[in-house]
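Read the structure below first, then the notes.
Chain nomenclature is as follows: A, B and C, assigned in order of appearance, with residue numbering initiated at 1 for each chain independently.
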Amino acid sequence: MRVSSHTLAVATGRGIEFHDLTPALRALVAGSGLREGLALVSCGHTTTALVVNENEPRLLEDLRRFLVRLAPPDAGYLHDEIYLRDCPPDEPENTHAHLLAMMLNSTESIAV
Amino acid sequence: MRVSSHTLAVATGRGIEFHDLTPALRALVAGSGLREGLALVSCGHTTTALVVNENEPRLLEDLRRFLVRLAPPDAGYLHDEIYLRDCPPDEPENTHAHLLAMMLNSTESIAV
Amino acid sequence: MRVSSHTLAVATGRGIEFHDLTPALRALVAGSGLREGLALVSCGHTTTALVVNENEPRLLEDLRRFLVRLAPPDAGYLHDEIYLRDCPPDEPENTHAHLLAMMLNSTESIAV
């Protein structure tokens, strides 16, 4: 089996935001020479997720509101009490993003 | 790597419903000649999902109620204001199905 | 394509608990001789799930609380009325675990 690995850097800001990776992934697959097989896409961070769905602006706003309701950012999470953990004091309060990443999943397998 | 692709048509109605794809998938895998490898199953629509679990009627009704509570069909979604979008007026109001598809995921990888 | 299959037994108790499978999975992959490819990890039970995320004790407690709120164990599920089903009377009341397994997903594909 031929395997080809690539890293795609995506700059993210604060809060929930959506990035369309389809054009970049298409280009990576095309450039890899893969004709038939499987593209396994994985997030390199534990506070990000991947979904395959419709890229419609009003649906994305529905999704943002749904996710905020599902795991509110300021719900008093233990993991957000940064001063109690062995980590730098400027560690972001990102527990809601961890929870949502686990619910949405951070990997997608796409048939090529 | 040998790759074999197949399309499985599933007729769906309105609202949340469940279809057992196991017999059809088993037949496709058997017919493909695959002895060892991976069956990647993906939905061709963004309002459908795949789960691997127990096919017990009362559990499926629990699941239906759980999903309706998680993303109620009539929660005033922006994506359901069809007249504001550039699409045919008979486009279904299906935002809850998009959200649930993203939560449940629309792809399953199954070891064969 | 070379395929190698392994079973990893994990003893679980009652209620929601977390098990770090990373060391055991690393050892299995190393022992399999796989250098490049894909590790497909699937649960053999329908009341268990897999997540790839940060193994931080306070985050795991946040996750436990989140999951209990999402699908409370004692919410009067139909599947938990064991006496109405064709199964042994000591079948556990585990509907919440089925629902959470479907939400979190029971399979992970990991690039090696």
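The definition used in the following text is that contacts are C-beta pairs under 8 Å (C-beta built on N, C-alpha and C of every residue); 3 or more make two chains touch, one makes a residue touch a chain.
As the structure is a prediction and not an experimental result, all values here were calculated from the model.
Put simply, chain A has to spin 120° for its C-alpha atoms to lie on chain B, with the angle rounded to a multiple of 5. At the interface between chain A and chain C, under half of the residue numbers appear on both sides, which makes the contact a different-residue one. Between chain A and chain C the centroid-to-centroid distance comes to 21 Å (mean Cα coordinates, whole Å).
Multi-chain contact residues of chain C, defined as those touching 2 or more other chains: 1, 38, 70, 103, 105, 109. Note for the complex: chain A touches chain B at residues 1-2, 36-38, 51-54, 56, 58-59, 61-63, 66, 70, 103-105, 108-111. Looking at the complex, you find that chain A touches chain C at residues 1, 3, 5, 38, 40, 42, 46, 70-71, 77-79, 81, 84-85, 95, 98-99, 101-103, 105-107, 109.
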